[in-house]
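Some notes on the structure that comes next.
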């Protein structure tokens, strides 16, 4: 019953490709949206750059509504939207769609957290120079918080890889799904182990890069 | 076939209780361990308080090994340990055990991230006073980063609620499981919706508190 | 009216309830185009807050702040941007971007102002050369010394050649030589480009060498303002007097006086040297810049006239707003009657503070007595060798500046 | 040897490769127990780094730093803690904990030292009263003004009554009055408790009024050190001379000189006033503290003797390390030959710098000429009204202090 | 595994009998436990959302019984884990059927159509076999109970398959041409069994591996309480409720334990031979 690696090998390889595909699109789309939401969450807070109680409350509540929904329920819940946008509710692209939305909201919180500690003096300096608020956000706020943000995105990346393991629910693929379906569900610990090792290798690489960039960005 | 709320109500209530139980123990145990790991991750980095390449590398790799393992695989993987510690691999307590370990590693990264931006000058001031490193960590490092840490723990809390939805995999309960089993898997959208609402309400409350405390802790 | 910055009953309250702090309290003040305006006052008096009202980094709680004809308290952020683009600011705490190199920090306002990359590079090069940081161009702020950081802040504020410059303790971390260079530059841009400069400072050098007018703040209020020379030469308010005295340091403090008496047992007086204090009548020469009356020669002449021998033991004559000012403490030796006559003579022209003789000092302190006001008891800033040294109970720094 | 802090060939290099900065370069220096030791030098000279080697906040790259008999470069963190507990430090950038109130910040070292809650409360109360922040006890640092923050830093450093105090620009953000209070306190704890104090400063007041000895740093090296009075009165190194000149500000700068000439067209000289510069022989009186020779009276006496009329137009006599020091710029009127004779006479006793007459100045600047060294060309710190004012090309601040 | 030493006591001592199930929210379980209680048997249901856990839990003695799987799944488990869990009674066979929202009949399913199938091992293979029977695709070597989507011979197949979570097959109907939907979800998803385009035959011998069974640790086949529970399932009330839950498609069966063991042995033999 245990297929040998000659059968599984190509599927594993394909799964790596699928994971990289799903994760990179999700971190691109979700990460970007999350950056926007996170910056807004931070900046619309009382006393901050774009102080706006309405936007803040709406975003704050919206993020809290989306985030705690169990992901498999969430996938189904956004199904109609997925159908309208992607044209299908199953397969990798449908998963990417749902993951991107979820990732956006998760990222929002990570970004918000990492911006909270920014020195307000620096922002003031930029304001005093007549920089627009958008420019301040892009050229001061984010660069100043870059080191923790990079660690935050590394964290997010791993979260997305984790999330992508659920892709199998709706007909997606990827490493997590492969580990569950071909390894775990079949009690094939060898497959499980090898697949998890591959995931860990990818994550480890991402973390190495993340740490390196964060160190660079710290400028201390 | 859809049970009415007179049947489901008590189960829902019980699920709320279970979720609160699971989440609070997990955030207590996992959150505390994560704080320790996270502080170590931060402090053992090059140039920091407890600079120690070995400890840093071991922790950094360990966290990256545990975190990306899909949670259901992880639950099974730690099964022997769970059995030895809790005496069972099924039910809420087994889930709590696995969640706590996972939460510890997740928290480690969140904490690390939030400490990275601490002003080194303040730590220096405490060192100059002859404070021990442990004291500096507890009385300077953590308090200085408290605002983002609080937001980080709020974030974590929601992550744990999310994770607890998978309790059903190993025979546990809780709201997430209730939503999946009584709602989602049975295509009972009313139950799903109500349950998710309850989850959101809990999360919203936690976030409100988190925001409030973070604001207090910011002292700006 | 050519005032470029006007405060009209401007008030800034921080916080609320019983803890509210009136950092700026009903200030009405005009700063003319092209002048260098100094703001002095004790720590916590509200100087920084006042200046931050100008570019609306703080919004006034009430009142108006009119900059270039526009009330900045009513402007929306987008409109404020235009106003701010014409205002350079040097921050007390530097506020450098840790994520940018020195060159990046200095180039940032140029980027905001839309300069081309090439122009920026050239300009940043000039600015860095000016502040002596050419070789630190690619360093990050965390690796700079305190003074280097401040110089980056100065270069940044000057980058776009703003027409108004707000300098909040702009030279506090600099050595005197570099300070002189910076002040010389400020004076030059003021004189040649007509840049209006508002300087907050507690450094006498700064006020002395560049301020045309000064305002003195205490408890959020501007308690006195006017031409720098006038405020220093004839401070009206008690706080101003004390501030001026401790700023000028031209009068011996109690412990210095003790040592002086030790060396100079004779009768000592402190004579104020002030432009326009003509001693006698025919004696004062007047030239284009201002009368030279009251400078040392009159004392010397008076000594000669009264047959009294004098030793200058302390004091200084310096310039404020380019006019001479200071005081000399002189030990007098000679006939007692002649000395009394000399003092009476001098008093007709300027302020003379009689320190008496070593064995019978007529009062212990001069530091807080300026402009001939009657001697008062020491406010306790001297050494009290008998006091509990790490106990502080007896010589707390009086809270001069903090608003309630 | 009672030195409590000894640097032995101590070197600190930041970074590596071509960008390496030798912030402290082979410094060998002893600081005696119970003295107040000043460290001066241009921005970036390595002063802060030097002081941070003492409590091992930076570890020396090579060499030894011996504090209280222990080489701190070899101590482990746990042992360092004991050494550090006896050292208070006031930071240039304050380094306050934003998460603690003012009282919490000041009380923190007491907590570390294991004081009881009650003792802490009492002590914090005293300290805050001393620095005038009693009413800010429960405020957080973000709500304080610059000077208030610095005062918190001072209170915190003094809290445990350490036996060594490191003060890095401890009064740079303070008004002169508060500065005087702080200096008086430092002087007192030094005198009465024998606390060894190392002060980094660029403020003349600080060195003048409290330092017993000073070291002058440039490019990471201690280029000159000795008794404060000696270093100021007779600076040997070129950099020290320039530093002293711009610090004392008792000599007219070129633009001041221009204005002086305008008012005083006669021959002007600057005479150095220094303790121990006996003018003539019989004239100098010596008392217990030190000779009064060289103070103004000699000039006055000389004027009288040579029949020359004098006007004191600029200058100052102040105290350094409690001894008189300064210079007076005097306009001389009288017979040319008599004036020359007077100058020759004065030169035998002290340094005289001949400024010539208005129409034919013998040199343009005095600011960088101290101690009778020959006049040199202006280093460019004056106004050059014709230069491109925001262009800087011509008057860059020379990089005095930055190591390569 | 499978030794009974760590087994929890079986009912008499007051400890409840722990039964691992997937889908404890179904009404018939409530009726079942109520009935058991009337007979003095204290039953505790442990619900799992994932098929993978109840067998190890039973094997480790954390459960006394489980009831969620068919013989095919049990065999796969036993072989993979070298275990010897034993069927002690049968419940029913649930046919696996093909549904579509878009197409009214099998013939309407176009060339290149996408079919959603469950992604768990045994249901997946079974679904592939159903599709092969329906003439929609061809499996390499004729296929068997371990076939994978990768075994589909593309050139000879009319459709492609997309494996999804079992419950998602119903949801996926909006996105695909047709879905193989587990019986459990048919009724919940609001589908009518009679709308099925195609389903496998419960009474054919080919369906025998899909008999759902009660499973205990080896050696506990004869526990009387367990036997009684097996019987209770076949009482009219429970069967009726259970049938309702399956939309009336359940085909109840009560093969004796040894017959079930025989079928199991046969499947395990095949699996081991392939392994």
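Going by the order they are written in, the chains are A, B, C, D and E; count residues from 1 in each one.
The working rule: a residue touches a chain if its C-beta (ideal position, glycine included) is under 8 Å from a C-beta of that chain, and two chains touch if they have at least 3 such contacts.
By chain, UniProt protein names: A, B = ABC transporter permease; C, D = ATP-binding cassette domain-containing protein.
Keep in mind that this is a model prediction, so the values were computed, not measured.
Note on connectivity: the fewest steps through touching chains from subunit B to subunit C is 2.
Of all chains, the one whose Cα centroid sits at the greatest distance from that of subunit D is E. Between subunit A and subunit B, two chains of identical sequence, the interface residue sets overlap for the most part, with shared numbers making up over half of the total.
Averaged Cα coordinates give subunit A a centre that lies 36 Å from the centre of subunit E. Separating the centre of subunit D from that of subunit E, both taken as means of CA atoms, is a distance of 89 Å.
Separation between the centroids of subunit A and subunit B, computed from CA atoms only, is 17 Å.
Subunit B has residues 72, 76, 166, 180, 184, 220 in contact with two or more other chains. Shared interface positions of subunit C, i.e. residues touching 2 or more other chains, are given as 93.
Shown for subunit E are the residues that touch two or more other chains, namely 52. Here, these are the chain pairs in contact: A-B, A-C, A-E, B-D, B-E, C-D. Chain contact summary for the complex, subunit B toward subunit E: residues 1, 3, 72, 76, 79, 83, 88-91, 166, 168-171, 173, 177, 180-182, 184-188. Every residue of subunit A that touches subunit B in the complex is listed here, in rising order: 47, 60-61, 64-65, 67-73, 76, 109-110, 112-114, 116-118, 120, 145, 147-148, 151-152, 154-155, 158, 161-162, 165, 176, 179-180, 183-184, 192, 196, 199-200, 202-204, 207, 211, 214-215, 218, 220.
Against subunit C, the residues of subunit D that register as touching in their complex are 14-15, 21, 40-44, 47-49, 92-93, 126-127, 129-136, 143-148, 150-151, 158, 161, 168-169, 172-182, 184-185, 187-189, 191-193, 202, 204-205, 242-243, 246-247, 249-250, 253, 256, 259, 262-264, 287-290, 292, 295-297, 299-300, 303-304, 309-319, 322, 324, 326, 328, 330-331, 381-385, 387, 389-393, 395-402, 404. Considering their complex, residues 51-52, 76-77, 79-81, 116, 119-121, 146, 148, 150, 162-165, 168, 171-172, 174-176, 271-272, 274-275 of subunit E touch subunit A.
By the touch criterion given at the top, residues 119, 121-122, 124-133, 135, 139-140, 143-144, 146, 217, 219-220 of subunit B touch subunit D in their complex.
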